[in-house]
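In this document, chain identifiers A, B and C correspond to the written order of the chains, with residue numbering beginning at 1 in each.
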Amino acid sequence: MTALLQVTDLRVTFAAGTAVDGVSFTAHQGRTLGIVGESGSGKSVSSLAVMGLHRNAIVEGSIVFDGEELVGASPSRLRALRGSRMSMIFQDPLSSLHPYYTVGEQIAEGYRLHAKASRRAARERAVEMLADVGIPSPRARVADYPHQFSGGMRQRVMIAMALVCEPDLLIADEPTTALDVTIQAQILELIKKIQEERGVAVIMITHDLGVVARVADEVMVMYGGAPVEHAPARQVFKTPGHPYTRGLLDSIPRHDLGGGGPLQAIPGSPPSLLTPPQGCRFHPRCPIYARASAEICATERPAFIAGLACHYPGAAT
Amino acid sequence: MILYLGKRVLAVAGVLLVICAVTFTIFYVLPTDPAVHACGKTCSSEQIALVRQEMGLDRPIHEQFAAYVSGIAAGRDGCAFPCFGYSYQNSLPVWDLLTDRMAVSVSLALGAALLWLTVGVLIGVASALRKGSALDRTLMAGTLASASVPVYFTAMILLLVLVQYLEFLPYPDYRPLTEDPVGWATNLLLPWVTLASLYAAMYARQTRSSMIETMGQPYIRTARAKGLHERTVVTKHGMRSALTPIVTIFGMDLGGLLAGAVITEHVFGLPGIGQLTYDAIFKADQPVMLGVTLLAAFFITVANLVVDLVYAGIDPRVRYA
Amino acid sequence: MSPLLDVNDLRMTFRGGVRAVDGVSFSVRQGETLGLVGESGCGKSTTGRMIVRLLEPSGGQVTFDGRDITHVSRRRLLPLRGDLQMVFQDPFTSLNPRRTAAQIISGPRRLLDRDGTIALLERVGLGAEHADRYPHEFSGGQAQRIGIARALASRPKLVICDEPVSALDVSIQAQIVNLLRKLQEEEGLAYVFIAHDLSVVAHMCDRVAVMYLGRIVEIGDRKTVYADPAHPYTRALVSAVPLPDPDLEQDRERIVLLGDPPNPASPPAGCTFNPRCAKAQNICRQEAPVLRLVRGRQAACHFPD
């Protein structure tokens, strides 16, 4: 199966430092890749790089979308792809929608641009999209403003906006983090339904391993700007290979297991972008390093081999 | 909407009445005796007492105030509506003095406003989009300098260079727009530039910070993610929000200037309301001062109302309530 | 033994008639943790703020340590302030940026001397080297530790924790949950733990109260409520939480609620949950159910599961 999107050795550098260093992944039609990480792990930075949305950063490496290299592509070429063949939805739907334009105008805007549609046709299309994402009485609501919708409905509007040009790739950056849990369930169902109907490739970026377990076929775990583990979802959850993945899974509170007891926390804090630790970026918090205090962990950055970046593969399970 | 408008108009009337009462009281308790001013230096005390009686100054303050307000609202004997009383200096109706000079002040304010709004917003947007660049730093240093220089200094420099040495422009001498449009513009150009240079600097700085904030908003990222051209992102999505706060201050600034730019008018000798104010203060011409104060209050409160209405038109989240 | 905190029919009506909290009753015993869970707008934070009197209740009664504190004056409340503390969601906005950690902890009334402050810093997992730093020098997890130390300085009996871990990364969340548990054991503290995350609440609480639109719909022992919810809303809420296990996620029955929570300014008649409830009957649209005993816990439902 040829990949729709192939990212190889991506590196994103800001004036303040390198936020992403050595990220590679692929996305396939009809499948969902989950990218998991805590704040500062580089998961959002990577996806914004795919969309070509970094303005004050140096993006290196390779991003091949449907056979076309995007790193170094002209801004006009990237604009032609953005919103038409690849789309993105964001964490906070309220601030991600323009407060002064009706949702209909905002959905129609991209369609008019990319599909060269008339104002009237684009408006009809917006009504159709609102209906598709499950907004009741779409013909009336198309003229409403974002503040007149609830949080869940706004995220549906964002999804309608992202899908208006039938993209092949949908990047969802923490799409449910700002929403309540019952609304989160609705939105995840909707994304799943859309994927089944339209066969889009989905990249789901989240800090919530539960969300990933629900939707992802494949999971990439990121830490300190680089992937530490990348494997099919079941494998990541059942037999995590990296001590960070293991630690993350153990630290999640589980109400279904009875709760009550203390949690297995990972000591310390995530590394800073400005002064990342030498060697393996996870070693200051790593139980393997604490136990064996292997010098190599503190001096040498582990290579990413067979879906794992660890000097002691297998020690975590 | 109608109800809202009605409420707001009533509120404006209320505010004006309060301002009127406060100003009236202040002038009443002032130690200067208007009758002395009105009568002249050679008057005897009997003559002054007669004048005082004629002017109604011997009546209690609330009666005087009631007479004043009803004069404005409906006119009073011998003084046509709206009656703001008569100037102590030349016994002309204050209202006529105000209307005669209004055209000058309005010409000055509107022309300058157009200039500073255009220049200020352009500088602000350009600066914001190239934040941290040499262009941004140069523009911001320039606006800081421009905002720090007093109006009379700018005016003097401009007069000296453009009028005196280069003889590029005539010395400002007001011509009515209806009689001589070209003369009107060329003669007002210098005052416009002087006034605008101060305001444009402030507007540039406001626009810049507002624009920087807006361009960092997530919905700008959404607009880019749609594949829109950066030009569209900046104008349609960025400036629309960034200029909303500018509308507010613009309304207030313009409202304040319509009732006269005292220093600018004085420096250029323009016969506007600012000049009238200047003279009235030095001659203790209380009816004129009172009239000018009320006119200024009227413009500012009305500008405030207009701004609120415009705001609701721009931002759909604002509703009349 | 009488409870440490007793909340009886507490109400909060905001301007415009929004009933944010509409008759909430519960009690907390010494050394116990009660979880208040629910989605945004359910009134859980408002309830917490009324208990510590950051908000003035519109009705009902708050009894703390045997004394009615519902409407006591600020001055009379002062001696009780030490016994009743609060930890907030965002550690950065709730700490004064111009005070050092030590100044924040010992507070304006200088409750602790330098040694006491450092001892407390150590107990929350920080050290003497952190005493003279300002809030912006700390990470989110560290700042929340300072917030907790500040609350503990007066040796309170009850701490209201309002979403204390929801702004933190997953790995840090677990640290703070463990810290709060450890401190509870050491001090015999009681907590009211307000959170939207049912899983975190499961790890913190002995008892749990589920709120919906200003009312408690189910309250009882944690194990009873989670393992076998009686109220359809609780059931939906529990089933909606994503679990980090793909197999479970595939197999488990999931109730996806339709629509959004109703507007608290115009709540539906009868049971406020009825428009989203699959089991709603005529009576649910007419009569508001009251809490009653259902299989070992209280639930407000005409047709409990």
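FYI, a contact is a pair of C-beta atoms (placed from the backbone, for glycine too) under 8 Å apart; a residue touches a chain by one contact, two chains touch by 3 or more.
Here the structure is a predicted model, which means the values were calculated and not measured.
Touching chain A and chain B at once is no chain at all. Chain pair with the highest count of contacting C-beta pairs: A-C. Centroids built from CA atoms put chain B at 53 Å from chain A. Centre-to-centre, using mean CA coordinates, chain A is 31 Å away from chain C. Centre to centre, using the average C-alpha position, chain B and chain C are separated by 54 Å. Residue positions of chain C with contacts to 2 or more other chains are absent. By the touch rule above, chain A contacts chain B in their complex via residues 51, 53, 75, 78-84, 87-88, 90, 92, 95-100, 102, 109-110, 113-114, 145, 147, 158, 161.
Every residue of chain A that touches chain C in the complex is listed here, in rising order: 38-39, 150-153, 180-186, 188-189, 207-214, 216, 233-234, 237, 247-249, 251-256, 258-267, 269-270, 285.
Those residues of chain C lying in contact with chain A across their complex are 39-40, 139, 141-142, 169-175, 177-178, 181-182, 196-203, 222-223, 226-227, 236-238, 240-249, 254, 256-257, 260-261. Those residues of chain B that touch chain A in the shared complex are 217-219, 221-230, 237, 240-241, 314-317.
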